[in-house]
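Okay, got some structures for you below.
Next, two complexes with subunit A in common: one pairs it with subunit B, the other with subunit C.
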Partner chain A sequence: ARSDEGVGRRPRRRKRGCAGGARTGAGGALEQPVKRGAPAAPPYREAKTMEAPPVTMMPVTGGTINMMEYLLQGSVLDQSLESLLHRLRGLCDNMEPETFLDHEMVFLLKGQQASPFVLRARRSMDKTGTPWHLRYLGQPEMGDKNRHALVRNCVDIATSENLTDFLVEMGFRMDHEFVTKGHVFRKGIMKIVVYKIFRILVPGNTDSIEPLSLSYLVELSIVAPAGQDVVSDDMRNFAEQLKPLVHLEKIDPKRLM
Partner chain B sequence: MQREEKQLELSLEALISQVADLKNSLVSFIYKLENEYDRLTWPSVLDSFALLSGQLSTLNKVLKHEKTPLMRNQVIIPLVLSPDRDEEIMRQTEGRVPVFSHEVVPDHLRTKPDPEVEEQEKQLITDATRISSDVAQKQIQSLNKLCSNLLEKISKEERESESGGLRQNKQTFNPADTNALVAAVAFGKGLSNRRPPGSGGPVQASQPGAGAIIAGASGIQQVQMSGASSQQQPMLGGVQMSQAGQPGKIPSGIKTNIKSASMHPYQR
Partner chain C sequence: GSASSRPARSRCRRWGWTAARPTCSRSPCPRTWRAWRSASTSARAPAPRRTSRRLGRRPATGPRPGTPRTRRNPQTLQLISKKKSLAGAAQILLKGAERLSKSVAENQENKRQRDFNSELLRLRQHWKLRKVGDKILGDLSYRSAGSLFPHHGTFEVIKNTDIDLDKKIPEDYCPLDVQIPSDLEGSAYIKVSIQKQAPDIGDLGTVNLFKRPLPKSKPGAPHWQTKLEAAQNVLLCKEIFAQLSREAVQIKSQIPHIVVKNQIISQPFPGLQLSISLCHSSNDKKSQKAASEKQSPEDHLYVLEHNLHQLIREFHKQTLSSTMMPHPASAPFGHKRMRMAGPQAFDKNDISSLQPNEGLLEKIIKQAKHIFLRRRTARTIDSLASRIEDPQIQAHWSNINDVYESSVKVLITSQGYEQICKSIQLQLNIGVEQIRVVHRDGRVITLSHQEQELQDFLLSQMSQHQVHAVQQLAKVMGWHVLSFSNHVGLGPVESIGNASAITVASPGGDYAISVRNGPESGSKVMVQFPRCQCKDLPKSDVLQDSKWNHLRGPFREVQWNKMEGRNFVYKLELLMAALTPC
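Moving on, here comes the complex of A and B:
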């Protein structure tokens, strides 16, 4: 398409020698800004067709493997944080203690159905050069009393920095945002995160923040393919070792609405 | 045959490293107890116990792992017993076992308990199998009841005594905070500007209106740049109208865009 449009206008102004180079287009900028019917704005170049995306309520899969997140949550007061970190440093895999400072934004897409589609976009505020993290979390699967952890469908994607623009163009709207600051530990496939949630006072300004409560949230999670419920037993055993400092349990978010 | 040998070797290595970790934490715990006993606090002791219990459970897990061959099927036979000092064994046991002799072997390679202990265990097992199942059930229930009565008595005593004040300090978590934090992460309770918390309500509520309008304005700019996407404008417009709290301004903006886009972009 490019070469067709160029032929009609270019021959009068360009030297013969350069025509080949201009047609490939790889050499650099063309000599004059060509008015094109195709849009030049980046978000539209990739999309071949634009139609309203159906808001699906089926479980979202990231590729072929359906990954589930198994989750246990609890909290610890600020004054007991040090003893918890000390114990975790002993129990978990021996690695450098890792702290993080993240900014998370939650986007909603209100479709025809009553419940909106939720996507979470997270970026690191202290580590430069890391990709943004887009996460989809499904509804927790309830009902099985033998399962000791909260189980929900989970899709994790690393994205580039224009994620928020992309989501806004898709029709998503930011519902809320917060800053998290804390520590992350690992034991085998288990991930233990201890973090404090900060409310952002001025939207978009991550410097004016205040803590939401006087406690740190403690989350023990495993992301594993669907069907491996035995991991919840491992999680329960690990949670036993953190008592009585922290009570990690399966908390149903719907109960707290 | 070779695969089993390899499996055995690998699992033995894993076991040895686990046991070495366990030994190290025991050593440090003993050191702490012997040298720092006047400065020792109960949480520190609890930490050491928790560490030991964690390592024991990983050891158990390694033993129960499906790739670990049954150690029960392996037999260890001492081939040479000599009363001379053996440097190799000294090195491997860090000086604790200098001689591999007749005194040392029965203790280190033991697989069964003492004869007296074994007798007692056999006695208990025959007793247990002799009584009928409902008698056993009654015994279990009475044990449970005794335990719960005892627990109640202890908690009542703790509540009424003066050490109740001490117990407040030991509280390391607040369940109400747990619920608040989980609700905040799950659906933004207390975080969203549209559902403001108790303080600072009206100030935050005016800002999302401005934010949505800015998003709408930038969306309109991109629509002007693209030109040929006239079918998409009504959809975007619809979405923006639902977002912005001021529908009066934005629809007129879109109408002008449709007019400009109706000019064919290829006309010169």
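Moving on, here comes the complex of A and C:
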């Protein structure tokens, strides 16, 4: 697969100690992002035995700008969907409503460390000719309680259609897949997605699907360069306006598990 | 109140008597008393009314003297009881009337309260409102329409409570008031003008502002609507100017644009200056006094201001088009084709072809250039038409134009001979920097923006027309064309174009006319006579036969300015007619 960002390079070996030490830094200080010319990484040695490739624990960036995703999530039951859509239609930018039908596959690269490296590959099923979307989402940034949204490192890449073959060749294995169907709205730089997740009954066959729950997931997200925390205030103000219909809040995925 | 306290006239009216008759002051009125007496004997309904009225006026001293006491005693009791009950009924009615009038007054008071909510409803039909805490805020920016300007554009809705209920409510009272951000107050517009280049660079920054009178709002529009619309217009003008100045600084052009304070100056053509300025006049009294002294300039191009507004709105719509929406939904916003750039390995040329080439400033400069070129072309043609009477020049401008292209058809004709002499027809396509001329005979000539080029070209065409006209006239008159040349290589050299010449011979062959016409040198007409008519020819023995005397001999010039006829072709026709013996 050809990609326009530099994520196609191999993950670098990192000294375990230094990675761990940097992560426990208090106050949410960011670790040094991986740069191309980073001197500390020793070159990857061809191993005689087939050991699992190393997985980096450092935040991954695509190119020079470190993009962060600010996220707020909530859910509504099926019967309240219409009223939520009406409200969003009124609050968001004036456009024709966009629906989407996507198929997402989550790939894992299991390394020596306990937590595997996760990449998400998503394709559009209803619009032909659109590129596949490869996404890396880092760990949510801890610390600042005043920040109203979940912040995590985010890398978005548009790829061609042979993405799954490429990932399999790289050593990734598909963990799970699902289909999402819903509506997407925008307000300035904010994206509001209301969708239902469908489980795929027969692996590989996207026609045999069944809904996972009787509710719709609502996500409010902004992808912005790192350091622009003021966007989380805009998100909170917008979430206030949806208050009685849906409560959007920051949900830490680790606490759910 | 008692019956006696009420005004007399109303009392009459109430009891159903003729209202016109004023009640007499005597108590009781003898007329009415008589009627009462007659009525009381029949014991009818009117009797008690009259009785109580009568009794009400009288002080309660007892029965009237002189009437038989025995007959009236039970009736008196009856009357007194009826009076009491009627008084009771009147009390109830009065209480009800009081309550009604109180509720009407309250209603009026409530109406003023309720009006706030109905006004708020009306406001909500036009503007986006939201409630934040206990404040009602609104949005007058273009952000929901696709603008990326960072101004918040928030206005606040406040209740207008400074109203004195005792005084009369003013006509234009509105229970609702809007508070707009302080930097959006007043009115603004973008002034676009083309001027001759300012000789002194120090003049920059002093824009000739004038306070344009606010566009008349619709007569039924509430004052908050005009206020909000004006503020929105100010915001849009600020956005347009910010975009223009950003482009003026970033985009490299051959002659750099100057951005000074609230003005952008660029040079579309040498010697010409295009200035775009943001004129924002606030509402305070100081600026109003200053602005009223300035006159309104005539060089403001309203078309370009309108086009600027349209262009920025188009730009807004682009950000909202569905091609920007992400598919799959987790992808970032961006144009669909730009996302394909990565997977399909576009090179730099492909990517640059995807992005919009021209910014707002470049587009508006191109439009200004075109407008200027078109105006100057029209002026050139008109000045030539008014200066030169023969031949005539006509311009037919096309109604349907583009912002970057207009066309005009120029015809050069002679008056009275339009049907015959129509060989010079030029189609001028006026572009942004050039004028393309398509001749009737198929030649395509490209002229630059110089005014002199067009003028010289038209003059040379006019001179060619004269000679072409002679050719057509000869056909009509039966004369034969002996020679014709558009560009003669003989005679004095013309500074503009070339001279053309034609020689025609009469039907009988006796005479020949030779015409040479040049743009500068004018026309020269010579006639060739047969030898027998020339007296000053030397006699020789070479010619034996007399038939040789009928050949044409020497040329003689015609004094063209003394020739009769109102234009060249007419004169020539007369000449031809004179030389053709009938």
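One rule holds for everything that comes next: the second predicted complex is superposed on the first by the 203 of 257 C-alpha atoms of A that agree within 3 Å, B and C clash if a C-alpha of one lies under 4 Å from a C-alpha of the other, contacts with A are read in each partner's own complex, and residues count from 1 in each chain.
Here, contacts are C-beta pairs under 8 Å (C-beta built on N, C-alpha and C of every residue); 3 or more make two chains touch, one makes a residue touch a chain.
Just so it is clear, the model here is predicted, and its values are computed rather than measured.
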For this session: Return fit or clash for subunit B versus subunit C, each positioned on subunit A through the superposition.
Result: clash
Exercise. Of the two partner chains, subunit B (first) and subunit C (second), which one does A:Gln112 touch, if any: first, second, both, or neither?
Worked result: neither
Exercise. According to the contact criterion defined above, which of subunit B and subunit C contacts more residues of subunit A?
Worked result: B
Exercise. Which of the two partners, first being subunit B and second being subunit C, lies in contact with A:Gln241: first, second, both, or neither?
Worked result: both
Exercise. Taking the superposition as given, does A:Arg122 touch the first partner, subunit B, the second, subunit C, both, or neither?
Worked result: second
Exercise. With the two structures laid over each other on chain A, which partner does A:Glu177 touch: subunit B (first), subunit C (second), both, or neither?
Worked result: first
For this session: Answer with first, second, both or neither: which of subunit B and subunit C does A:Val193 touch in the superposed model?
Result: second
Exercise. Looking at 9-17, 135-143 or 153-161, which bit of subunit B clashes with subunit C?
Worked result: 9-17
Exercise. Which parts of subunit A are in contact with subunit B and also with subunit C?
Worked result: 241
Seminar exercise, completed: subunit B contacts subunit A in the complex at 25, 43, 47, 50-51, 53-54, 57, 171-175, 177-194, 197, 200, 207-208, 211-212, 215, 219, 222, 225-229, 231-232, 235, 239, 242-243, 265-266
Problem set entry | For the subunit C and subunit A complex, residues of the former touching the latter | 130, 132, 143-146, 148, 320-322, 325-333, 336, 339-345
Problem set entry | Residue numbers on subunit A that touch subunit C, as the complex places them | 1-5, 92-96, 98, 100, 102, 104, 120, 122-124, 126-127, 129-133, 135, 156-160, 180, 182, 184, 186-189, 191, 193, 195, 223, 240-241
Problem set entry | In the complex with subunit B, residue positions of subunit A that touch it | 35-41, 43-44, 50, 52, 73-77, 80, 83-84, 86-87, 90-91, 106, 110, 168-169, 171, 173-178, 197, 199-204, 212-215, 217, 237-238, 241-242, 244-247, 251, 253, 256-257
